[in-house]
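Below you'll find the structures, each written out as structure tokens.
Same chain, two partners: chain A is paired with chain B first, then with chain C.
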Partner chain A sequence: MRTLNLRIVRGGPGRPATYQTYQVSVDEHLNILDAVQKVWATQDPTLLFRHACHHASCGLCGVRVNGRERLMCLTPIAEFPEGATVTLEPLRNFPWVGDLVVDVKPLMDRMAAIQAPYVRKDELTAGSEEGTRFEDCIECGLCMSACPVVGSDSAYLGPSPLAMIKRLLEEPRGRDIQSLCALAGDAHGAWRCHSVMECVEVCPSNVDPSQAIGWLRRYLILRGRRQLAGAERR
Partner chain B sequence: MDRTLSSLPVSEHVARASWWRRAAAWVDLHGRREGWLAFILMRVTGIGLVFYLFLHLTVLSTLARGRQAWDAFIALARSPLFVAFDAVLIFGMLYHGLNGLRVILLGLGVGSRRQAVLFWGAFVLSIVLTAVAVRMILMMG
Partner chain C sequence: MTLHAVIIGAGSTGAAVAHDLTLRGYRVTVVERGEVACETTGRNHGLLHSGARYVLNDPPAARECAEDNALMRKLMPGILELNGGLFVALNEEDLSYKDAFLEACAQAGVPAEEIPVQEALRLEPNLNPRILAAVKVQDGVFDPFHFTLAFLATAKQHGAVVHTYTEVIDLLWNGRSVGGVKVRDRRDGREYAIGADLVVNAAGPWAGRIGAMAHVDIAVLPVAGTMVAVGRRWVRRVINRLCPPCDGGIIVPQRRNSVVGTTSWPVENPDYIAIPPEQVEAMLAAGEEFIPGFRSAPLRGISAAARPLLRESSQLVVADPGARGITRGFSCFNHAGDGAPGLFSIIGGKTTTSRLMAEVMGDVINEATGITTPCRTREVPLLPYHAFYV
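Then we have the complex of A and B:
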């Protein structure tokens, strides 16, 4: 067993943010999510947090652990020494709902604008025509929280939506390439990135949005050159 | 309120936020690592270099005021405080240029997994070359 002091942001819109500290003892083989659940179950049923899968696939449990974007279900208790204080705060750059919960609508709106539902053909189970999984990305929003451009440009597409567009262009399967390029090539698309690189570092699912944004830029440049060459020949 | 060329979704809460809240998103260092440090230093040195460009032109304009004015400036330039200023300037130029190469590579999707190593490389190389340059300045003085 390990005893930690969880220092958790409490409050919400219209209620001032305060930190409340809960002392909780949990098995050191578990994760921070288990500790938060234990606090909720045994000390404070009013605590707001989100989770479902407990194994880094639903993408719901993203928070900032000691300032850093992490999935609570992927943050081992064993990382912290006995008696340590661990600060938990909601993600940045999303509207705050309360305590550790944010509204992920900005991310979902962007994925919808790209028409994100995407699944490899060989992954479709018999009878299902539509998939909703985008390869590696679990749409947790950690990268959106870590990116300063998302926090300052309200129309910036953001790391994971751009990584999504890259996957669609890489394997279009009948997608409208023109409109995908219009999104990626927008002033608030791939060109807006400043290579702050935090998206790559916080992504729990190996997506590497920065690499995808660079890929999109190269793609757009080469496509533009081809179009120019075509226009000259005519 | 940001304008957008195509029909991109807009984050209402960011659009509604005051300009200083949005500007603060750039300098919120809480929980950040190398990538962010590299970026902040890039911005500070970039703005510093623009400032220096004008300072440099102002100083050069003393040439137009004759030999005495220029010699007086050269005497000032030999002071330890001025050498310290030179060191900051040289470091800023080197870091901005070297990290600029890093940003160009990363911006084209090259080396993203090595970005932290590339940052420390640019940072340490800038310090080493600054030290060499300062030594040369002191030996000439």
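Then we have the complex of A and C:
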């Protein structure tokens, strides 16, 4: 067992934000998410937090742990010494619902506009109806919270949606390339990125949005050149 | 006159019932004390069952899985990873089940095809090379959160209202009938009433608490299961152990991860389940039996949630402390006979068969209300999950 002090932001729209500290003991092999759930179940049923799968697949439990965007289910208790104070705050750059919960609608609306993919035809079983999920992005929003450009330009498409557009341009499967390029080439698209690389730092799921944005810029330039040269039939 | 149904719980069951009832013309409100799919549904394996797991001990459940597996492939194409599955025999005892297993699959209408071991190892090069037999089945994989959102998104399109972070604190009565719910909005503490013509208890392992509000005893046994994820996709397909349901009998690949599960132990309070370290160790060891080197991949999470299993008799529980013998089927109750007309419960089942469970619940509700609209969930495709946020 390890005892930690969880210092958690409480409050919501119209209510002042305060920090409330809970002392909780959990086994060392568990994660911060288990500690938060134990606080909710045994100390304070009013505490709001998001969670579902507890194994980094659903993307719901993103918060800032000691200032850094992380999934609570991937933050081991063992990382913190006995008696440590761990500060938990909601993600930035999303509307605040209350306590550790934010409204992810802005990210989901972006993904819906892109028609984010789920499966592709599996190369190894080509010709069959089977498909394997290939996209790594779990739409957790950590990159949207960590990105200072998202914080200063609310219309910026953001790291994970741009990474999703790159995946689709690589493998369009009938999607409208024109409109995807219009989204990515917009003033609030790929050119808005300042290469701060925070998205790469915080991504818990093998996505490299910064690399994807570089790829998109090259793609857009080459496409523009081809169009200027009249080489591409419109 | 449009009847108003309040559904308690936004797991896969409550979400599917919302979809079913909106298509039958009911006005639907869903109340959920946390986030969508935040407990039992969210922490299931995300396995679209072929049905083969149940052919030996629960053939009706197997047939239901096979039928709805085929249906869901048509109805939610953007949600499912159709990567297939294998049942493999790891030892002589497993192998001794093979003939009965294949025979039971054929009888239950579960597509299954034995393939040579060499072929299985070609398909899945990381599998234990000492497997003795392999059978191909039509498993699939989904994210349970997205699966549930797709039902709710479609229900919303047909008029349903979904209140998350809204906890039921009591039932309302209209004379001798249940006439709605009293809820607390957990975001601001506000308490208010939602009147309804009928209330559907889809609270999973918490269904007993809702039942108690109407003095109805609901025979639900919360049984926890542990799963362990590692950060490498060791297999393309779902790998099942060819044996009766046992601990550590399955590996489900999710994106670049592999999730091994599961265990089975009854819990008192499903709100917080402390996962014993020895169960984590047991799951990693089980993974190692399927895939030599399994545990060399980094740990990607440990999870457990309580399944709501039906307790048919107390003797069954005593006779089977691991609760493996309890039916994986489901039951729909009209509590009119328990002194609570207007209250219905839907207990048990599997996420794969959520649609079917909701169809049966809808039929039971229609019988009580006299509404004759037929179930339409076999035909109506589900919206993409992002549409939930529209």
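We adopt the following convention: the second predicted complex is superposed on the first by the 216 of 234 C-alpha atoms of A that agree within 3 Å, B and C clash if a C-alpha of one lies under 4 Å from a C-alpha of the other, contacts with A are read in each partner's own complex, and residues count from 1 in each chain.
Here is the rule we use: a residue touches a chain if its C-beta (ideal position, glycine included) is under 8 Å from a C-beta of that chain, and two chains touch if they have at least 3 such contacts.
Quick caveat, the model's predicted, so the values are computed rather than measured.
Novice: Looking at A:109 after the superposition, I want to know if it touches chain B, chain C, both of them or none. Which is it: first, second, both, neither?
Specialist: Once the two structures are laid over each other on A, A:109 reaches both partners.
Novice: Which partner does A:196 contact after superposing on A: first (chain B), second (chain C), both, neither?
Specialist: Touch partner of A:196: chain B, not chain C.
Novice: Quick one: classify A:208 as touching chain B (first), chain C (second), both or neither.
Specialist: In the superposed model, A:208 contacts chain B only, not chain C.
Novice: Between chain B and chain C, whom does A:79 touch in the aligned arrangement: first, second, both, or neither?
Specialist: Neither: A:79 stays clear of chain B and chain C.
Novice: Identify the partner contact of A:187: answer first if only chain B is touched, second if only chain C is, both if each is, neither if none is.
Specialist: After superposing on A, A:187 lies in contact with chain B but is clear of chain C.
Novice: What is the shared patch of chain A, the residues that chain B and chain C both contact?
Specialist: The answer is residues 109, 112 of chain A.
Novice: Which residues, counting only chain C, touch chain A once they are in their complex?
Specialist: It comes out as residues 34-38, 41-43, 46, 78-84, 141, 143-145, 165, 186-189, 227-229, 236, 254-257, 259, 269, 271-272, 274-275, 277, 280, 300-304, 384, 386-390.
Novice: Would you tell me which residues of chain A are touching chain C in their complex?
Specialist: 12, 14-15, 26-27, 29-31, 34, 37-38, 40-42, 46, 48, 50-58, 60, 73-74, 97-98, 101, 104-105, 108-109, 111-112, 115-116, 118-119, 122, 124, 129-133, 135-136, 138, 205-206
Novice: Considering the complex alone, what residue numbers of chain A touch chain B?
Specialist: Its residues touching chain B are 64, 66-69, 92-95, 106, 109-110, 112-113, 148, 150-155, 157, 182-183, 186-189, 193-198, 200-201, 208, 210-215, 217-218.
Novice: Using the touch definition up top, name the residues of chain B that touch chain A in the complex.
Specialist: Listed in rising order, the residues of chain B that touch chain A are 1-15, 22-23, 25-26, 28, 30-36, 38-39, 103, 106-110, 112-113, 115-116.
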